[in-house]
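So, here's a batch of structures to check.
The two complexes that follow have chain A in common; it is paired with chain B in the first and with chain C in the second.
Presenting the complex of A and B:
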């Protein structure tokens, strides 16, 4: 166990050093993050000015996006602004590096997760943290609805991160059956946008689309943790949501293992 | 005319090469339909929830977005792959090739890096445009249809020129262009009516980074809108802005290509 923790730290430090070498990346990341925040804030201020928001406030909505962004990046690896696992696995498969990585004395998935977490730290520093600080100072972000809510929020966020990673992995395995892979990440982003509430909180969805989103696992990555944070889910509802998240983790893990078993017979190293 | 024929011939071969892997090509197109299609639905749904966005109905916002996406696709078809290559061109010497061909080097580079993948954006945004025009029950005369055609071309040209101007430094620096983010992040602001942004941003996206001439101002003419902080005449300036930017891009290209030194083999 100690050996794995050390290895994990080494892999993260290596990826972090590689990123930090290109300082313009950090500057570009921070600037583009602030651009995105400005565009999003202007959009929502204008929408709320119509007075048709129902029981939702502007502060709740901005908190949803700003804290939700931190959640998705910290728990789900690089999240939506960074690299998807399909791009990592696809590049490994195409270059033949996967053969080398599979023969290392730690599992391929361990290396993937360590890389994803390195991306999470980098993305947090260069993207979500600047947004969070600027939003706290200039926009006003709501604190958690209570200490207990915050604890359950952390639990929901971790479970959501596991679900996000499993979905990312399952979609990424399609690279072994395809000749190109750059577009797999587009499907992932679109699915989370439509069913996960990452573009528009599910509060604003029409009933039919909300019903579809409620029976799928995508909402656990950001929407459910943020509902707990804001106190829109409380008491028994939190346990029902967390129970559903655990159910989805079991289902997605079984699917992931099944496909990975098939992948091992499908794998053909093309390069190297 | 001769160069146009050569250009089309090169693009034909690119198309043939791409079709060697039809599954990968179609997979990419479907992914972009799916992704952009869902984005459009989400934008419509967002505005629909609140009734309007700065006085623009959901169908009007969709029309604006379709205009932006179509103009982007028209411009980026010519420049996206080219600008991706800028930082490597001097390193591996691929630009040497352009200077050895019996046609203008810039035209050769644009032809050989033409991106046929934007057919997905063009078909999707065309469909969205038809849908929004139908829903808005618009009955335009010949003048408005001509204006739509002209401003789509000028929007494509503005997009292509801004992309090139922001990416040209990569050719000299042989690394990422520090200006690139102004193009890639700036265009995000185009997706919604300019009037949702504070006045300083409206000024920037009109006078400094004129992205608003791709969609917002031309669409104002077509939908009969007169919002914004600039005089009404501004909404007619898109073709002129495109020509000015094309001239500026040609000048900068001349400067950049004159100082080109290959480090490649």
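Presenting the complex of A and C:
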């Protein structure tokens, strides 16, 4: 156990150093993130000026995106260049380097998780944290609706991160059948945009689409934690949401293990 | 007990069968597959400290055998045992006592200096500071790596990179190493250095070496024992001199022999 903690720390430190060798990337990442924030803010100011926002305020919406970004990047990073495990696994599979990673004295998934967390830290520093600071200073971001809400928000974000990771893994395994992989990340992003409310908060959705989003697991990654944060979910509603998050974790974990067994069969037995 | 044991091992790959007479439409929706036998009923054992050259033409099944020994592939039929364990089921455990170099690939962290990968492997293979330092210093000296240890891997020449790969493979003092074409694309000086290094480490640390190669110099200078396979079948297993007396006609070089054997 102690050995694995040490190895985990070293793997993350090495990824961090690799990223730090590309200084222009860091600069480009921060500036493009700030441009995105400005564009998003301008868009929502305009939309709210039409007066059709219902019970939601502009401050709530901007908080949703800015804090939600912090959550999604901390829980959803995949490697220092990307946010999808399909990009990592796909590259390993296509180059054949997966053979090297499988011949090491720690499991492939351990290496994936360490790389994922390194990516999360790197992208938080180069993307979501600068946005957060600028937004707090220039736009104004709402604090959590209460201390208790903040605790449940953290719990919801962690459960949501597990769900996000499991969905990411399940989609990523398709690289072993498809070989080409770049569009899987797009596919995943589209699913979370449409059913997870990462592009447009679900509270703006028409009823039928909202109903579909509510029975699917994608909303747990960002929308549910942010509703807890903003106090739009409270009391018993929080426990119902967290309960169904746990239900989805159990289901998705079973699916992930099942598909991984197929992948191992394909890799190890068929040599695909 | 032998260190490595293969008993009647076969390995089939499933490959896509493309039929000219079928339409592209049915090829897409109802692909057909056929089995291709990459390794066909191979048996041999290797004892600790042996230096074995595993030779055969391209596509003969050499890399497939090595992947089965590392536990990345499982045999279709037959038994593979390494350290008296099933390598597939004990992959991460066996990895601690095993080193592998795939000639065309690298374990090195591309953007960082060579020494960074060394440090990563020190932790990954659970080496003590003392063992690590001793083995690293020996490897750096023997493979003459001092001059480029602090350079980023992407700036290294192929020869430097291959020496670094070899050093990594031996860093944890493995009992067995599998080298899949370790001298591919290297100049004569680097080849010489690598061969001398392999002989030395085999002598001093008793490391078992199984290497595949197409380089007759590698075979002549390193391999005491030769295993020859062709189209997945074992043709010869024995010592070097036995190989020559079996296949050599008057005046043949090793290259002449291989040309004839591969062509048959």
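By definition in this document, the second predicted complex is superposed on the first by the 262 of 272 C-alpha atoms of A that agree within 3 Å, B and C clash if a C-alpha of one lies under 4 Å from a C-alpha of the other, contacts with A are read in each partner's own complex, and residues count from 1 in each chain.
In the analysis below, a residue touches a chain if its C-beta (ideal position, glycine included) is under 8 Å from a C-beta of that chain, and two chains touch if they have at least 3 such contacts.
Note that the structure is predicted; figures quoted are calculated from it, not measured.
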Checklist entry - Putting chain B and chain C on the same copy of chain A, do they fit or clash? => result fit
Item to check | Geometry of the superposed three-chain model: angle at chain A (Cα centres of chain B and chain C, steps of 10 degrees) | outcome: 90
Next on the checklist: Which partner chains sit in contact with A:11 here, chain B, chain C, both or neither? Use first/second/both/neither.
Outcome noted: second
Next on the checklist: Just to be sure I read the superposition right, which of the two partners does A:107 touch: chain B = first, chain C = second, or both, or neither?
Outcome noted: second
Checklist entry - Is A:268 in contact with chain B, with chain C, with both, or with neither (first, second, both, neither)? => result second
Next on the checklist: Once chain A of both complexes is superposed, is A:3 in touch with chain B (first), chain C (second), both, or neither?
Outcome noted: second
Next on the checklist: Looking at A:99 after the superposition, I want to know if it touches chain B, chain C, both of them or none. Which is it: first, second, both, neither?
Outcome noted: second
Checklist outcome for this item: Partner touching more residues of chain A, chain B vs chain C, is chain B
Item to check | chain B versus chain C as contact partner of A:251, first or second or both or neither | outcome: neither
Item to check | Minimum C-alpha spacing, chains overlaid - chain B and chain C, in Å | outcome: 8
Item to check | chain B/chain C common contact set on chain A | outcome: 22
Checklist outcome for this item: Counting only contacts in the complex, chain B reaches chain A at residues 21, 23-24, 27-28, 31-32, 34-35, 38-39, 41-42, 45-47, 49-54, 175-176, 178, 180-181, 184-186, 188-189, 192, 196-198, 201
Checklist entry - Touching chain A in the complex: which residues of chain C? => result 11, 13-14, 38, 64, 67, 70-74, 76, 88, 91-93, 95-96, 98, 100, 102, 105, 107, 109-112, 116, 119-120, 123-126, 152
Item to check | Residues of chain A touching chain C in the complex | outcome: 3, 6-7, 10-11, 14, 17-18, 21-22, 95-97, 99-100, 102-107, 267-272
Item to check | Complex interface listing, chain A residues touching chain B | outcome: 22, 24-25, 27-28, 31-32, 35-36, 38-39, 42-43, 45-48, 50, 52-53, 178-180, 182-184, 186-187, 189-190, 193-194, 199-200, 204-206, 209
